[in-house]
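Next come two complexes built around chain A: one with chain B, the other with chain C.
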Partner chain A sequence: MVEISRGRAAVQMQAASGRFVFRGGRDAALACGRGFGLALPAPPLWSSDIGDRAALWLGPDEWLLIANEAGTLRVLRDALAGMAHALVDVSSRDCLFDICGPDAALLLNAAIPLDLSEQGFPIGACTRTVFAKAGATLWRREREIFQLSVARSHGDYAQRLLDEALRSMPEP
Partner chain B sequence: MTQPFRLPSGGRIDRARVLRFSFDGRAFEGHPGDSLASALLANGVHLVGRSFKYHRPRGIVSAGSEEPNALVTIDRGAGRMTPNLRATQIELYDGLVATSQNRWPSLEFDIGAIGQFASRLIPAGFYYKTFLWPPRAWKHLYEPLIRRAAGLGKAPGEPDPDTYAHQFAHCDVLVVGGGPAGLQAALAAAAQAESVILCDEQPEPGGSALHDPARASELSDLLAKLRALSHVRILQRTTAFGMFAQNFVALAQRLSDHIEPSAASGPRERLWQVRAKRIVLATGAIERPLVFPGNDLPGVMLAEAARIYANRFCALPGKRIVIATSADSAYEAAGDLRRAGAEIVAIVDAREGRPIADDFNVIAGAIIDTKGRARIEGCTVQLADGSTLPVDCDVLLMSGGWTPNASLLSQARGALRFEPILQTFVPDVLPPGISCVGACAGDLRPQGDASRPIHPKAFVDFQNDVTSADIALAVREGFRSIEHIKRYTTNGMATDQGKTSNLNAMMIAAAERSVAPQDIGATTFRPPYTPVTFGTFAGASRGELFEPVRRLPSHQWAKAHGGVFEDAGQWKRVSCFARPAETMRDCVNREVLTVRKKVGVFDASSLGKIELAGPDAVDFLNRIYINDFSALAIGRCRYALMLHESGVVLDDGIVARLAEDRFHITTTSGGIGHVLQHMEDFLQTEYTDLRVWLTDVTEQWATFAIQGPLAGNIVQSLLPDAGLSQASLPHMSLRELVWNGSDLRLMRASFTGEAGFEINVPSVQGAALWDTLVDAAERLDGCAYGLEALNVLRAEKGYIIVGQETDGSVTADDLGYGKMVGARKGDFVGKRSLSLPHLAAKGRKQLVGLLPLQLAQTFEEGAQITQAPHPASGTHALGHVTTAFWSATLDRFIALALLEDGRARIGQTLHVPMPAGAIAVQVTSPVFFDPDGSRLRG
Partner chain C sequence: MLLIRCPYCETERPELEFRYGGEALLERPKDPALVSDDAWTAYLWTCKNPKGPHAERWRHVHGCGRFFNAARNTVSDLIVSTWRVDDSPPANFDGGGA
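Right after this comes the complex of A and B.
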């Protein structure tokens, strides 16, 4: 894990983790949640999580599932047997960054146009957005921890930009 | 004696510290708290520049961002020279270096000033009228000459060493303007709102209260209350310069230009992009100059500006002052200036029913002339009875009343109305979520209009040198709309956007047209409110961060092994892997021949990849592609073409069936974005009955091609237990395997015409597999090959590249792929268009090969194809060259082309006109090598 920090914000680059895209209808989503041991959240742009396992709502029929246990994919496939759905392993697809600290939102707002205040983007909120010129997924795991993910080949760009943003942050 | 016009006490400057600065090479002193303008005035300097068109000597007119005249260049070192800065907004620091603009050889003696004697020859519209002929001369002769003569400062030649930052912010209330009204509004908003941003262009908040000692305690009280609130962000030196849709406001914050260069750190400027639920405009009002002959002489200033210089900066503009006015506020300026030690020689009031003040020498009348060349020395007053009176002075102040500063409101499409009591335009209809407070809302005392009568050489727009006579001329020449008069005279089109000139221009135009001011209307303001640096807009997007650079898994290896990189969209791809002393052409030839004779490996990871799943997947594919997938067995692949609804080719790729209901699809490298969108669009709008879902797995998989007669050996050594053979894994089939503990998708497919494979592994394993493959290839005398070799290899086989052989007008049949259209399947995207007459008509451009009759002759991609070697001018081309390469395999030059009725012309001799003469070519089949495809089967 690489960490760069300045003042009240820090950027930690995370190792690849188990990530799966699940897409399907309501019944399949229920079955998937049962197999995953965590109900898939129904409210848009919302997440649910237990321990290091999480499900992020990314579209009306699309969730990103996060789990590091080996065999997760097989368990899910079994739970979904016979149901119309898509389940795709994307564990290698993204570069992950944890953005932490009291000024984490201020730092992210250097390149993300969304309202990241606690009212605008509460703990548990998640969305697809842009990080400057790269597509990104953002998830507020805790009050002061956001997880930012970009496509692997955009990782270097995102890291340099975060570095630059850390150096030029406004006063809180 | 330094600073002879500096007052001994008071104000907001720090006399304990002395700052040295230079202007045009002369050394001066000032104090912290000074602007460049106030420090120059304290030293008795009024002449600060030459005007744009006539090179007339010009002085400081205002004390704020509305300044039209005092534009200077600030030099902060290499790459840090900024022209056209307003001296009234430049904060003084120790060692500041300023120079005047638009003069040669010096400010006092300027050759260009002879232009003013020819001013009767340069009326409004002069450029439009004079430089029309000959047409080419404008670009090459007139414009450069006029630009050089016009000056306006020079841009620095060196790269900008500073950094710039961007910041997005959301707030409940954004208050623009930190004067008393803005501070009050922010405080009131803070009581209700969760978050408030107050931005103010000045170095310290306070606005007009900063030069009104009576309001000092009120100001400090307001500020103390505001600063105690953690949900109020106060941004100083921050200009709201652009208002956009839905209360989106752009702010430019200047972070370090007020600090001496050696002490400055961090970004120079920050662009704030603020989305506010409500916006309060507290942008104040701008004083209006009077329009009289010689009103542009140095020493002629706005009355309130003189008051600001005296009260806030303790710099007395002059000692013998005449004030010309049509508003009451000038009397306050007169009182303050007299208290500061100046003699108020006279107040000339243009309004009827004046004078009112018995303690001043008030004259009812108007200024009709001035005296002095580079500084005002006196003026002539015309009295109500028509008689004239000469008056001496060293400063002439003017106050034509106040105009609400409605630039931002105008940008936000708010409407203004003419207010007769104020003789100016005030906010009328406000856009939703935007309100105005204070002087900006029209909260002003009654005032008169003194823009007439029309005098020649009475300046309206100081920065663009527009006179009242120019506006009268425009009206005489038939211009009616104020917007057209603006464009014809250029009034209000300089960098100050006519903050001090627009109202006078409108009033003069209204009088000349004999219409009421409300009927002529106000011109529209546009962003930016004041000039903004390019750096502010660019932010971090420069150099390496200008555009994301996407690197392939093999990037590090390529860098270490002679990889010559080229940009393909955001991807860095490798043209070829050059060995020491190898030319690019030799390198490409070697790579091509190695693939044909041995084996080559290629990083194709940028290929778009989609995983498609769901019980209706086959149905969906049949509707999206032209091919029929009903019979595609599990484990088999198919080359597939996708059409736009208009019937033209949109993209191509390989569709591989992983399971009954799962497919692995590839797209072109540049196509993944719009292909995925195209598919999702149809799923969400047209094919809502289909239970099928798409996932972008472009970056999940690293993809490497292994091509050549020995490709099988490499795959065999990599996956010894897979039991691969031609029979178990025939051409165009796929197997899911495991390598190094990871999933692996092995496809037998070829884009080179050689037997070959494409291997996909999770991209975290990409670099490791690449190293393994290159190592294995090199042991077989194979090599890594780049994009150039791939292009030659595929061109030799006549394989197309979407975007190169297609251009948005090409159908599958044009490419010779007409038979791919599934005849027995139902509807698919683009099918209906295929029956359009023009897509089936004779004369379609079809894909063919071209071979120059002389082997050594070459031509370029994009070259035209003609029947005759030297066709008459106006003859239409028969087609164009889409791909042209030296083929190492065939040892000759080959090309692909789109040619009218191309397939029927095979065997004909045509011509490719090139600058050095036409090249005769023979039309051939597009497949130059191994036409029966025997090599594909190994």
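Right after this comes the complex of A and C.
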């Protein structure tokens, strides 16, 4: 893992993890949650997690599932057998960055036009948004840890923008 | 920057996350082969283009990805309300110029 930090913010490039996009109606979502061992969150822009697996709300019938155990896809397929749904392994699609530190939100706001205060984007909040010109998924895992993911082809772009933003961060 | 309320995310988001999706509340002819060329052409290409309230489709493309409807005033650029595609327009919305 590579970490670059300055002042009160740091960027850690993370290794790829198991990530799946699930789409389906209410019954399929319930079945998917049972198979996954974690109910898919119903409130918009919200996540649920247990251990190192998580489910992130992306849209009214769409969730991002994060799990590293081998065989996750097969377990989900079995749980969803016979039900209308879409399940796509996107593990190789994204570049993952953890943005950490007390000034993590300030750093992200260099390229993300959202209110990332604890009121506007509390722990557990997640969303798709834009990171400058790149589509991105943002998830506040802990108070001072955001996970940012962008398409792999935009990884270099995002990384250079994060470097640029880090250079202009105030020294403590 | 405009803030647009997405009725699926139930929150206001910057316009950067959205794309315009054309005029809303259009009814597609049930069997296009049975309508005249003029009527089909009008359906495809003729927009109301009103000066004032206008029903529009927008897509939260860098968000939940869903299409929804919006009532926007084309003079002031004020988005009066947004609603889900399977909901009815707000009662006081006049539907845009004929």
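Assume the second predicted complex is superposed on the first by the 169 of 172 C-alpha atoms of A that agree within 3 Å, B and C clash if a C-alpha of one lies under 4 Å from a C-alpha of the other, contacts with A are read in each partner's own complex, and residues count from 1 in each chain.
The rule is simple: a contact is a pair of C-beta atoms (placed from the backbone, for glycine too) under 8 Å apart; a residue touches a chain by one contact, two chains touch by 3 or more.
All values derive from a computational prediction rather than experimental measurement.
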Just to be sure I read the superposition right, which of the two partners does A:92 touch: chain B = first, chain C = second, or both, or neither? first
When the two structures are overlaid on chain A, which partner does A:25 contact: first (chain B), second (chain C), both, or neither? first
Which chain makes contact with more of the residues of chain A, chain B or else chain C? B
Taking the superposition as given, does A:140 touch the first partner, chain B, the second, chain C, both, or neither? neither
Looking at the overlay, does A:164 come into contact with chain B only (first), chain C only (second), both, or neither? first
Touch test for A:153: chain B only (first), chain C only (second), both, or neither? first
Taking the superposition on A as described, I'd like to know which of chain B and chain C A:44 touches: first, second, both or neither. second
Mind working out whether A:16 is in touch with chain B, chain C, both or neither, as first, second, both or neither? first
Touch test for A:113: chain B only (first), chain C only (second), both, or neither? both
Using the superposition on A, tell me which residues of chain A are in contact with chain B and, in the other complex, with chain C. 62, 113-114
Mind pulling up the chain B residues that touch chain A in the complex? 163, 165-170, 194-195, 266-267, 270, 273, 275, 540-541, 544-545, 547-552, 570-571, 611-615, 661-662, 691-695, 697-701, 743, 762-765
Spell out the part of chain C that touches chain A in their complex, as residue ranges. 1, 8-11, 13-14, 16-17, 62-66
What residues on chain A touch chain B, complex-wise? 16, 21, 23-25, 61-62, 84-94, 106, 109-115, 117, 119-120, 132-134, 151-154, 156-157, 160-161, 164-165, 167-170
In their complex, what parts of chain A are in touch with chain C? 44-45, 58-60, 62, 113-114, 127-130, 135
